[in-house]
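Letters A, B, C, D, E, F, G and H mark the chains as written, and numbering starts fresh at 1 in each.
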Amino acid sequence: MSVVANSAGEVRFDFDRRRRTGLDETVFAQGKSPSQLEAIFELARTQGVPLLITRLSAEKHASLTDGWRESLDYCAVSETAYLGLEASLHAVGSPDAARARVAIVAAGTSDVRVAREAERTLFFNRIGTVNFFDVGVAGLWRLTQCVDQIGRFPVVIAVAGMDAALPTVLGGLIGSLIIAVPTSVGYGVATGGHTALNAILASCASGITCVNIDNGYGAACAALRALQIPPSPAGPV
Amino acid sequence: MSVVANSAGEVRFDFDRRRRTGLDETVFAQGKSPSQLEAIFELARTQGVPLLITRLSAEKHASLTDGWRESLDYCAVSETAYLGLEASLHAVGSPDAARARVAIVAAGTSDVRVAREAERTLFFNRIGTVNFFDVGVAGLWRLTQCVDQIGRFPVVIAVAGMDAALPTVLGGLIGSLIIAVPTSVGYGVATGGHTALNAILASCASGITCVNIDNGYGAACAALRALQIPPSPAGPV
Amino acid sequence: MSVVANSAGEVRFDFDRRRRTGLDETVFAQGKSPSQLEAIFELARTQGVPLLITRLSAEKHASLTDGWRESLDYCAVSETAYLGLEASLHAVGSPDAARARVAIVAAGTSDVRVAREAERTLFFNRIGTVNFFDVGVAGLWRLTQCVDQIGRFPVVIAVAGMDAALPTVLGGLIGSLIIAVPTSVGYGVATGGHTALNAILASCASGITCVNIDNGYGAACAALRALQIPPSPAGPV
Amino acid sequence: MSVVANSAGEVRFDFDRRRRTGLDETVFAQGKSPSQLEAIFELARTQGVPLLITRLSAEKHASLTDGWRESLDYCAVSETAYLGLEASLHAVGSPDAARARVAIVAAGTSDVRVAREAERTLFFNRIGTVNFFDVGVAGLWRLTQCVDQIGRFPVVIAVAGMDAALPTVLGGLIGSLIIAVPTSVGYGVATGGHTALNAILASCASGITCVNIDNGYGAACAALRALQIPPSPAGPV
Amino acid sequence: MSVVANSAGEVRFDFDRRRRTGLDETVFAQGKSPSQLEAIFELARTQGVPLLITRLSAEKHASLTDGWRESLDYCAVSETAYLGLEASLHAVGSPDAARARVAIVAAGTSDVRVAREAERTLFFNRIGTVNFFDVGVAGLWRLTQCVDQIGRFPVVIAVAGMDAALPTVLGGLIGSLIIAVPTSVGYGVATGGHTALNAILASCASGITCVNIDNGYGAACAALRALQIPPSPAGPV
Amino acid sequence: MSVVANSAGEVRFDFDRRRRTGLDETVFAQGKSPSQLEAIFELARTQGVPLLITRLSAEKHASLTDGWRESLDYCAVSETAYLGLEASLHAVGSPDAARARVAIVAAGTSDVRVAREAERTLFFNRIGTVNFFDVGVAGLWRLTQCVDQIGRFPVVIAVAGMDAALPTVLGGLIGSLIIAVPTSVGYGVATGGHTALNAILASCASGITCVNIDNGYGAACAALRALQIPPSPAGPV
Amino acid sequence: MSVVANSAGEVRFDFDRRRRTGLDETVFAQGKSPSQLEAIFELARTQGVPLLITRLSAEKHASLTDGWRESLDYCAVSETAYLGLEASLHAVGSPDAARARVAIVAAGTSDVRVAREAERTLFFNRIGTVNFFDVGVAGLWRLTQCVDQIGRFPVVIAVAGMDAALPTVLGGLIGSLIIAVPTSVGYGVATGGHTALNAILASCASGITCVNIDNGYGAACAALRALQIPPSPAGPV
Amino acid sequence: MSVVANSAGEVRFDFDRRRRTGLDETVFAQGKSPSQLEAIFELARTQGVPLLITRLSAEKHASLTDGWRESLDYCAVSETAYLGLEASLHAVGSPDAARARVAIVAAGTSDVRVAREAERTLFFNRIGTVNFFDVGVAGLWRLTQCVDQIGRFPVVIAVAGMDAALPTVLGGLIGSLIIAVPTSVGYGVATGGHTALNAILASCASGITCVNIDNGYGAACAALRALQIPPSPAGPV
């Protein structure tokens, strides 16, 4: 068993996870102290595995020691970081946008931070993406201009806040797997993203799946699971 | 003051309301006993005014005495009834659909009962309507086929349950006053209509107004208020 | 199609919206970075269209570059700004309060910030308003003194927090279209404005319409839609 | 200690309560079986004390044995019953409406069932009341006609559902102690009475007190506590 | 009508309120700017009436101009201030604790800030109080030591957070009018005070009244209303 | 592994559970059809193990085939049944009330059904109990009469609805392990038992544990876990 | 456009949907009257397309006319029906369980009704499934016995109520696409399925997707979307 | 009675509590001012009793006077402090980990702060503990590695946020008393810890007990109560 515990006994790290689930270990930085994070970084470096870090706020990133901070490939918009990814990409090659199999669709400019978290998670896992941002259905023509193009991707991550009508409209127009991510954009009844979440779950379009509010990372992981599905044989199965 | 109280002191009836607000007195039957309702009917007949009754369930309607039940023009779908409306229409004329100024748009077949409550309320107030039913946005083409036609009506009542994406999409395509009515159609997170309500309030389209869940009557009253707006003068006001 | 995308692909701007819905493009500043905002300003200036910006906090306003900040007509109370409005008003004329068709009624002094957002949105769209502030029904005489005057306006925006009883009382006294805006003023059960919102939706007065909590902008847009309603012909329609 | 337990050990009855709190023992029938109720009746009869029973549904009342059912003075509207009250009134005299010190005000006809529970509870405690029903503020003139009369009662029980604006308006017009009872009348956001409850608690009028939804009994008990307050001495205290 | 509007039209002040309801005008400072507050102070000074100000945070108090800040009698615990009260007390006399008719009972030390708001409001209205603090029922002996003493006051304000069991226990032991104030003390399910509020409303003790969370001011106003009740005549009424 | 699946593959039964957790397999009847239940009964009889069945409504019990219905020892109050328990008790002996180690305390008569579910679950597991019913703290003397007796039991199950103040008061008076069960008794804010649940969780008494609303079975299982705790050695551990 | 409207204008039917989204038209029977349903059946038969009907309660099924009722292949457990499916299967062949690509996993026996809705929906779309029922994690060994077998299916539908821990545990053990369906099984805080829903969305396992409570149909549609994903090319994409 | 009140009358301190309930007095620092805290410290020092202080934030700790701050044994992770504990331990001996009877299990690294509050509370009461951290079930192998070891402790405190599946899985594998503590770790639907709380209460494992969100202190107190249970006699009781 490739389980490694650090000295303080507060972290148990699993380097065998990819074999079992196809997903690499990821570090959820929220609620962890800088020193806990750095202990994890050290462990990963020792083992020679790349890390994806999510929910790493700019403040916490700034509070890391210089050495570790400079080792990270950090994105302030999505609050994500990569550690040791270059070596990995060097070995297996970078994702190729031209062969991308996932479209990331965002309803508004304010949803971009969540969309970028999904994009960065997929890139870390060597999957290219194509983005369609600010295509919310309150200005329907923005979506109809590109819906055929979106429908050519087998997996679509649809990021939307407020009333989150975008996934519903998409769901009636394309046959792709749709993974919807509600966002906490908005005020009043939209505060916190619960209205967006519920609207997606109650969607009158069929077969829309959903993840937690603002969970771009989770949507990307679901896409990774879906992309591992082997081709269907012909006929009924 | 044209306020009339019945003998038991449990009902105070206002026959002067039309003058003040332009809306006739309406009877909300839910929570009233058959005998309370019949006392109100008697009062109205004595005063010679027509009545609109809402939320009159088939069971309660059936439990009225034969005389009163037969006097009512009852609609089981919308659970509404008219008392003494014919005389009124004889005097001022029936609504003329060809000159209708309100479109009633319903997302699904299950929303029809609420749409009909709005339609019947407007008819009672001598306003004709045109209906566009089962045009929910999960099958967008159903709406795009008729959206130009809908946009020609100055007032649009949009009835939708579940995720209620219809008013948002409409709001980006037409300039009419949109009065949205969330409905309690659905299950799980859609139960009770709260998701539909919140989705409408959080709509990313501008200037959508809303009334209570399943309140077709209220939407019709709001339409009546709007139709009393005198024409705008030219230029900025 | 007059849709313009900026270089980063995060904003799609629609300059054709007025033709379709009668409402100009508006920028919702919350959740947008100063640089995203300035990219939008640049786009608008290039196209020669005026902009309304809402939810622009004093902090974000202060963080804009000097050039853009000075170009804005900013109101700290309502957190709104105009860009390039003067030229527009020069062409078509300023709103004339004497010919105003919208009354803005606010229950308490704390509701003024929301009322001002509605007022500024209407002004931007060349509609004059008359304000009736601090007329909440806990001191009923404050409202009864001016209710006849309010009732002469065809459209009334009623802004109220806490228990939001104002729209209900207004609704029984006047026949105008009433667009109620719940506010997040208050504490305890009033926190966030949900009680005000629900009280408005549950109003026992007929035909009150509602928008999201603190959404003065949305109420103004609804008023704009209503003011486009052409005059009613005589007789039943 | 005047505590009496029945044989099965499921009921402990307190006949000493009046001395301590000024309120008689009351039986809350909801959730109790007919046989449990009859055991309590027997206990009360043996002790020679009168009983007030609340939340006794017509179905449960009908399922009592003939002897006990006929011993009860039952009111189907309020779902309350008296046992052995006549003897008590014979001894101390009936309440005298002309000297009544409590006004019961109900916003709508559907609120009457709760108002009657309060009225019956006060009668049982030998306090007369005067009722003002169907005076909700959506038709303000109904209230203003009688508000001076209401204000002459030192204690006012105000029963209202939906948006419950009545207590707020009353609170600004009179100086009486106001005990508000929200009711579960209504649908959509009014369902269950939570909006009415919150609106009362968030009231912008000062010093409105509140009890649980539909709790006419509790409001009456609070009134009884208030009526025991001895007269104020002159000057500041 | 003694209604005075300030120049900006944002405040309407009512100096006639005491006559109607027995309560003086009070200023709710939350949500008002320092300049709005000072305009109100000026108005009150001009009219020669004392003011009670509530929810005046230490920060806002510090931001007032020196002149006004020094004119206020400020209490940082309760966040209340008096303006011009001394003259008033000079005329009519200070409250006399020995003749106090209101007991203020607080469950925990953290509830004291709310209890003090009630105490200060009553003092402003020339009513003396006696305090019983930190007598929550988790240490029952603290309450039983003083319950007889508490029960001698005709009006009891009971302040409690968390599970707010104190009013229930009090309600079974004394016959006074109990006005319960839930507080927002606590974390987890106690956050915001909703559990305390609901526990009070659901109390199995009879006749407990309630006001909004943290609303010590409202409880005091309710006490003032109750203390105006004239003495009961003998016999049933 | 002693896992047995029935033919239809809808039930997997575990007869090895007692060894692992000390608790026997129990059948939760709600949501299971009579034929599913009878398939389980058959399996248990074949294996020769006794069964406890919970949430078996009187209607479902009546719909079982005569043979199985007569084999059950059914209690309509608690909606529980035993199958094959007699043989088991014959082997190991019945619980002895005189040596009982669990007290079951219920606040009101309406809470008895939940208390009985706990009592029956413990009896099935050969643990005797002593009941203290109708000792809610609104009549504090009912509790103080027996609190010393209750405190002699090492484990106390405290069942209470509405505001559930009973566990808090108990928690300050005795040192036993307290397992509180909120019940869904009550109306208005007490509906469904959420207020009781939250009040228990927010209790200001220390170390009160809680289970789901109406979950007498779960409280009994927790008691069984606690009674397996071996004696503490002397001194700090 | 293959859109067909029925005479009453209440239904707009889309027979072109399969081409666009790969999913056939489905009829949601809840909220539709028997006559509305039969009008739809007639339309489908005329067009020669098979129909899947969901949420068709046994009562509504029984109320259909004999002819239509006998034409349906009805399943009372899942409340689903097929119309005209045999002909379709005759043409393209039945699903072959041996080549099934979807596993349906249910935590408890009570979750089977929802699992069967998914199974029937997939069968209608010519996709075979293999079921793993009653493998909830409270008896972990039930799941660990078959988890390797489950992990061989590229798509797993995981149905669970109460605390819905099953999808989380599965998510850490297998790499398949997991579509979780919360169910409304349970009482107290589990009532309505909201706890199960939230637990799934908050899952600490990565990449779990979710649909609405009890929405077996939606989960099956999402599986259909996923099974259309073409095979991944080798290397990073 | 060993109740001591401080001069200001805002604190009533109980030094007799250990005798009654077996638990020492604890100070909940949240909501108390530094000077209130220091008054309590003084009281405790005078009486010669040790104190446990919880929810003492680093900020508040820093704001204490130097003398008191240095007297405290403060832990910033758990926000707890001891006052005067050394003398006490000197007298009775320190807890001995080797003889520990409580296991503290935490699902994730972010839950450690709550786990440490439980650990520190138990240490204060002279009970040793053994910790098992970061063993959440999304990586099931982390738990299965140590579950047998955990099951050897008679009392297990299980700390988990998000979907809190850990207690459910534990409950099916071991027979210890399980006291679960939900934590507020997470975002979206996990915010505030309500999902974790409800998942624990709805657990399909039997006999899991629960305390308030983040309440490590309460869990420790419950463990203390449980550890006082005397040994079971043999046979049924």
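As a convention for this text, a contact is a pair of C-beta atoms (placed from the backbone, for glycine too) under 8 Å apart; a residue touches a chain by one contact, two chains touch by 3 or more.
All figures in this text were calculated on a predicted structure; none of them were measured in a lab.
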Name, by label, each chain that touches both members of the pair subunit D and subunit E. C, F
What pair in D-F, D-E or E-F shares over half of its contact pairs, by residue number, with B-D? D-F
How big is the rotation relating subunit A to subunit H when the fit is done on Cα atoms? Please round to the nearest 5 degrees. 90
Counting only C-alpha atoms to place each centre, which chain is farthest from subunit E? G
Chain centres computed over CA atoms; the one at greatest distance from subunit H is chain B
Distance between chain centroids, defined by C-alpha means - subunit C, subunit G (Å): 45
Could you state the distance in Å from the CA-based centre of subunit A to that of subunit G? 26
Of all the residues in subunit G, which ones touch at least 2 other chains? 139, 171-173, 188-190, 194, 197, 201-202, 206, 212-213
On the basis of the stated criterion, which chains touch which? Give every pair. A-B, A-C, A-G, A-H, B-C, B-D, B-G, C-D, C-E, D-E, D-F, E-F, E-H, F-G, F-H, G-H
Inside the complex, what are the residues of subunit A that reach subunit B? 107-108, 136-140, 162-165, 168-169, 171-173, 186, 188-190, 194-196, 198-206
Which of the residues in subunit C come into contact with subunit E in the complex? 109-110, 112, 131, 133-135, 139, 141-142, 145, 185, 187-191
Which residues of subunit B touch subunit D in the complex? 1, 3, 5, 9-12, 14, 17, 28, 30-32, 36, 55, 182, 184, 192-194, 197, 212-215
Show which residues of subunit F lie in contact with subunit H when the two form their complex. 20-23, 26, 89, 92-96, 99-101, 126-128, 154-155, 171-179, 197, 201-202, 206-213, 217-218, 220-233, 235-237
